[in-house]
Amino acid sequence: MSREALTRMTKIEVVARTVDSDAVRRQIVASGASGYTSLPAVTGLGHHGAHEGRALFNDRDALTLTITVVPDDRADDLIEGLRSLLERSTGVMFVSDTYVSRPHYFS
Amino acid sequence: MSREALTRMTKIEVVARTVDSDAVRRQIVASGASGYTSLPAVTGLGHHGAHEGRALFNDRDALTLTITVVPDDRADDLIEGLRSLLERSTGVMFVSDTYVSRPHYFS
Amino acid sequence: MSREALTRMTKIEVVARTVDSDAVRRQIVASGASGYTSLPAVTGLGHHGAHEGRALFNDRDALTLTITVVPDDRADDLIEGLRSLLERSTGVMFVSDTYVSRPHYFS
């Protein structure tokens, strides 16, 4: 299998407070994503909202990194849902391309 | 050093049951990759194989995320090996581009 | 929000010995980055410096994965700073593209 045989997907990573990460995972599942991976007990500082004049995270918050991979055609709605959720709680979201060998696992 | 001075590599991430992650790491080392990073004690749900009618992971499995970076010319064989391994066990693999400053570390 | 509405940023990931990761985080903050995420207690092997004839990491080192996201115009200086730091200690750095919905959080 060469890289050309892989299928492009959208990878979404969210760093949020652990108390908010259940809502993140519910949003992911509600979007029709077939799964997620969570890494609890991460630590972090910022990325602070400079325009809000307060820290988004500080060293005392317990954080969770949640990763999901979805087909491109499901990505837009999930990105919008998570962006809206993260405005009400706090957190950051990173979106990038990734490639998988078995695209039906993610549909 | 600007980003233009960096060298493109292939980053491979595998989420598998912790009991299977030794086999993932052995496959990585056998491919000639110069190293890996493992994140144990991650949790996850899915990404279920929808066509198989069963969950690929469930909330009770202990999972490990294993990351490796290899030169593009070694990527194809490793991707094929891991794809084959993950068919026999269970797990998901994400392949993406990344860039490094010292490519000889990865060759 | 579609993916087209997102803003490209540079994601930098560093795997270094936990004893060196304070210096990694200080370098990130000194560059003007607005935050970072740290994942302690990862394990790894290599990526060994083949030309140096010794392992960069071994199974006994406690490692930390540190992730930051910066605007492209701040990336070059930070990449150069981290590259220089990792020459004096040990570690590996991966640079990739990522996209965010609220770019002012990272500026």
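In this document, chain identifiers A, B and C correspond to the written order of the chains, with residue numbering beginning at 1 in each.
One rule holds in what follows: a residue touches a chain if its C-beta (ideal position, glycine included) is under 8 Å from a C-beta of that chain, and two chains touch if they have at least 3 such contacts.
Here the structure is a predicted model, which means the values were calculated and not measured.
Between the two copies, chain B and chain C, the C-alpha superposition involves a rotation of 120 degrees in steps of 5.
Of all residue numbers seen at the chain A-chain C contact, under half occur in both copies; the interface is built from largely non-matching residues. Taking each chain's centre as the mean of its C-alpha atoms, chain A lies 19 Å from chain C. Residues of chain A in contact with two or more other chains: 39, 96-97. Per the touch definition, chain C reaches chain B in the complex via residues 10, 15, 39, 41-51, 56-57, 63, 65, 72, 75-76, 79-80, 83, 92-97. Chain C makes touch with chain A in their complex at residues 1-3, 6, 9, 11, 25, 29, 33-40, 69, 96-102, 104-107.
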